[in-house]
Amino acid sequence: MNHVLEIAGLTKTFGGLTATDNVSLTVNAGEIHALIGPNGAGKSTLINQICGELMPNAGHIHLAGRDITRLPPAERVALGLGRTFQITSLLDDMTVRENLALAVQAREGGNFRIFDRAANRAEVWDEVAEILAASALGPRAGVTVADLAHGEKKQLELLMALSQRPRLLLLDEPMAGLGHLESQQMIDALLAARGDCAMLLVEHDMDAVFALADRVTVLVYGRVIAAGNADEIRANPAVRDAYLGEEDT
Amino acid sequence: MRKLLTSTGMLVALMSPAHAEATKIGVITTLSGPAGYLGEQIRDGLTLGLQATGAEFELVVEDDARDPNTGVQVADRMLNEEGIKLLTGIVFSNVSGAVVPETLDAGAIYVSPNAAPSGLAGAKCHPNYFVVSWQNDSLHEASGAAAKKLGYTTAVALAPNYQAGKDAIAGFSREFGGTVTEIYTGVEQSDFAGEMAQIRNAAPQVVFQFHPGGQGIAFLKQYQQAGLLGSVPMVLSEPSYDGVILKAVGPAAVGLTGTTHWNDDFDNAASKAMVAEWAAAFPTTPLTTYAQQAYDTGLLIGGALNKVGGEDIEALQAALKAADFASTRGSFAFGANQHPVQDWYLTSIEADEAGNPKIVTKEKILEAVGDVYAADCKM
Amino acid sequence: MILLIEQLLNGLQYGVTLFLLAAGLTLIFGIMGVINLAHGALYMVGAFAGAWVSIQTGSFWAGLLAGLVASAIAGVLVELGVMRRLYARDHLDQVLATFALILIFNQSTVLIFGRQPLFTSLPEMFSGSVEIVPGLPYPSYRLFVIAVGLAVAFGLYLLINKTRIGMLVRAGASNRQMVRALGVNIGGLYTAVFGLGALLAGLAGVMASPIMSVQVGMGDEIILATFVVVVIGGVGSVKGAFVAGIVLGMCDTMLRAFLPGLLQQVMPGSEAQALGVGISSMGIYLMMAIILLVRPRGLFAAQG
Amino acid sequence: MKREYLILATVFLLLALVPFLAAATGQTSWTRLVGQALIYGMAAASLNFILGYGGMISFGHAAFFGIGGYVVGIMYHHFDAGTSFLGVIPGTDQMLITLPAAVLVAGLAAALVGAMSLRTGGVQFIMITLAFAQMFFFLFISLKTYGGEDGIMVRRTNALPGLDMRNRDTLYWVVLCFAAAYYLFLRRLVQSSFGQIIAGIRQNERRMASMGISTFRYKLYAFILSGMGAGLAGALMVNFLRFASPDMMHWTRSGEFMIMVILGGVGTLAGPFIGAGVLFTVETTLARYTEHWMLPVGILLLVVVLTSKGGLMALIRKLTGGQK
């Protein structure tokens, strides 16, 4: 079995509204799989179900062959699920370095050491230094997150997610709100990380999607209307109608 | 507003040293919060009582906020910094439970004008600890005796669901002897409509209830509003129908029966003098048993001070123990545990000319009774 | 049976009193996001002002008017003077500030009215009782309280569902930013809501004054039960406050009335009494704990 | 860092000298005042750990304070009467037994309350902790054996081998040592890996959960640790006051702890102690001059909250030039 993520028949309704309607898709090891669709297509709902923040009404989610449909979020993370948020979600009062340190520390599931000194844990700080050295954020290590620029926050989120060495990384609109240059940096960072883990990418920026994705799934009104590689999707008339076409007009 | 000015004005006058050789008396009492009026009564009654003896004294009054911690803090300062050897004034037994041991350990004397927790009345009694008011249980035993004497055999007894409430019902039942249906109310409950329905349903010959302060006011108002006042007689022990409660309740109290150790129509010189002095000093404030107990405390302390002065604690202790004063309640003596041995009276609440309730003494129902804890006290 | 009907009425009457207090509190809570511990103090202001004026004038109705006016003015002053600066702060600062307000209100009341509880009597026309079913005379004043409570509930329903102000209030309770985005005079809306909440608390205070004891600190006792109602009902939901208020009032009364009796079937009398009342005192808290465990945001949470 | 140690050592030394200063000036009640403030400071600091560092606004903290106190009171009661608790556990007056027992029992209670309360958040959490505290309050008020609402007297302070605990100054120093040790414990705690995770949860619980931290467990452990601290403070208070009563767990007491924390400075180590000291001193001093002391205290609190952000610690930091 090669699938890192396998979703089968996932359905979630809110009252009368069906947000995800019998969605099935797979993500292979080392692959970047993009999930696109117009606003309100149910992409975020799907991501939240994979993370465990929402429970599906029907269907299954397997991570690396294990059924995680009903697991609490923390256990999914322990099995190798990482994520970034659409609206950046960081520890605003802490520095870049401290944020990363917590992520590294959390990789072992955290701990209840109440008498050690966080400041003295060399193995954690060494790893943080290593990660930062290899990234554009290096010079900003001591800055409090609240003072970072938007693009830098997005970068930090990605670094934190990657530092946990996930099997599968869920990227919820990593380009949202980024300028052209910042987008390019993000694309480079994602390309660099490709191969370390599989990624499920939710994104509106089509240039980024076609630059990164090995495969693309199109979601409209909670339903998968097409799936395939970049060229197939570009050529698919249904997709053009439902989604890409709209964008042209 | 005027009332306020007079009472604070008086406080200031008292707190400034009156005389060079005046004995300092520490008064720790509850002046803030809903129960603040009790502390006010005690402070003012004590002042009048002491003045009546002509003793040289200086009161140091401080609020305990009904909090044991604050009480001990104040006691500590009075005892150890200001060198006060004689304390009094506490309203609530939770405060006295903390302050009294502190006082006794410091070798000082405590004379209680009100609170008398049973924990200090029995085996843990102490030569330097006096209670001028009453032991809790006796209050309600008197009511039980009264209900029995009036010929009732079935009763509903109501009290809050805490220790003093349970003691009240136990005390009432002990002397009453008939069938008692017990109903406990919530500790901070103020609407008793449910209990009124239960009383009507149980249809007893008499109702006994113990709810001091605001709860008592609410209970009596609602008793009348439920139409029970005319149909089921009620017997009360004195904390549930003090002058302040009656004033707030108004005509709703007329027709009730109460038991007390003192009432303002007592025919003795001390009581008459006190009533007159109070009316002159506080014309708009009712004179309650709290103030009367404090007045008696003042008479006791003042008398002892006149005899032996405030320097020699041992002599003062002996003078207090002798209880050689003309109490406003007529007969008064200390039992083995230095709690009162006194008479209890049946009173009825009648309407005065204006239709407002007034307490009228009817007969003596218990004579020279002490309390059950005295037997455990080995002094 | 008669006992049951009477207890149900008692529960209803307690319930509407809780609702009067909780309605204002839940709106203030939901719209401004402020934890107002001093809401009980406004109840006390209403009761004292009402009682004092009715003593002076001899008319309950004059007292009622005075109580409403006094509490509304107090509410508006508190909003303008203190609350306004706290909206942007976190809950902790609000707790501290409103606790300080309780101290100030209580002690000012002592300074103005003294420590003695005030006496108020029933209004003449409601001083008797009505025989609802044969053999059950019920105080007509309590029926009056129930009627007023239900009328206010209906009025609030109309206000909130049928008027523009109500629309803003509803919008504000479910999404605070949205009202701001609508370009409404937020300051005015906040002051109005706070004043309305204070007015309702004052109304509850005046209505309670002939039944209860009008004394300093009377608001501190009822404020806890009010918060329980607000939280069970769902913060910001007037409907929730109504349902929770009635349910809580009923449960509280029923537990007190019948639990000791039920327990007596299985244990000796006085122990059953004590335990029964013990459980009923904890009853509303127990209920809140259970409801919150099942529905962490209360029954009718307005905020998503 | 060096400077912080220096300040701590100086403060400790000054506090240790309080009994001598009090004796020298004749104001001996200051020893007790400072002692009580230190104990309240401990209770407030324990609350501050979950409130300031963990973002959990508990409005029922006095319950654990009271439970810790009652453990000492109940054990002394049985020791005095020569009976056993529930017929099994004999009483004692040995501080080396009573304090750990108090901490343990308070921790158990906190585990129970926390396990249920922490399923909610925000205002609901505030109210549910209050609800549990109220239940404990009503429970203790109806315990006849242990004095009901009158409370239990502890005629003698618990014994500690080699020390004369009946001497007030000795007792004060014991309390001071406990307070200092507790301060250092908390200081260590907030700097530990555990403390970092707790701080992370306060700032962004969702983020912490997405990193695989089971936030509920962490919050529960923090809640238990905090309850244990309050239990220790309660046990010391009963030794200091020689009296335990349901007042200790009344909801207004929980409010008082919260006010001490906010007044001193939320999320600071010294804040709760400063808040407790200032509030206690101001109240006591004002109460000497007027029985209407609540009015000025209320106005003072209002002014502090309206004019400063971050309480007295923020003010101190401002005055000392932004340094710790």
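Here are some notes:
Labels for the chains are A, B, C and D, by order of writing; each one numbers its residues from 1.
Everything below uses one rule, namely that contacts are C-beta pairs under 8 Å (C-beta built on N, C-alpha and C of every residue); 3 or more make two chains touch, one makes a residue touch a chain.
Remember, predicted model here, so these are calculated numbers, not experimental data.
Under the contact definition stated at the top, no chain borders both chain A and chain D.
Note: the chain lying farthest from chain C is A, by mean C-alpha position. Centre to centre, using the average C-alpha position, chain C and chain D are separated by 32 Å. Averaged C-alpha coordinates give centres for chain A and chain C that are 48 Å from one another. Put simply, the C-alpha centre of chain A and that of chain B have 73 angstrom between them.
Centroids built from CA atoms put chain C at 34 Å from chain B. Within chain A, contacts with two or more other chains are made by no residue at all. Each of residues 138, 142, 292, 294 in chain D touches at least two other chains.
Within chain C, contacts with two or more other chains are made by residues 106-107, 110-111, 274, 278, 281. Under the contact rule stated at the top, the pairs of chains that touch are A-D, B-C, B-D, C-D.
On the chain D side of its complex with chain C, the touching residues are 51, 57, 116, 119-121, 123-124, 126-128, 130-132, 134-135, 138-139, 142, 251-252, 255, 258-259, 261-263, 266, 292, 294-295, 297-302, 304-306, 309. Those residues of chain B that touch chain D in the shared complex are 31-32, 61-63, 65-70, 72-74, 76-77, 80-81, 93-94, 97-98, 101-102, 117-120, 124, 161-164, 166, 187. Residue ranges on chain A touching chain D, taken from their complex, read 51, 53, 72-75, 77-78, 82-83, 85, 89-94, 98, 101-103, 105-107, 109-119, 121, 160, 164.
Here chain C touches chain D in the complex through residues 29, 35, 37, 82, 85-86, 89, 91-93, 95-97, 99-104, 106-108, 110-111, 220, 224, 227-228, 231, 235, 274, 278, 281-282, 285-286, 288-289, 292-293, 296-298, going by the rule given at the top. The residues of chain C lying in touch with chain B in their complex are 2-3, 6-7, 10-11, 13-14, 17, 106-107, 110-112, 114-119, 121-122, 129, 137, 139, 141-142, 210-218, 221-222, 253, 256-257, 260, 269-270, 273-274, 276-278, 280-281.
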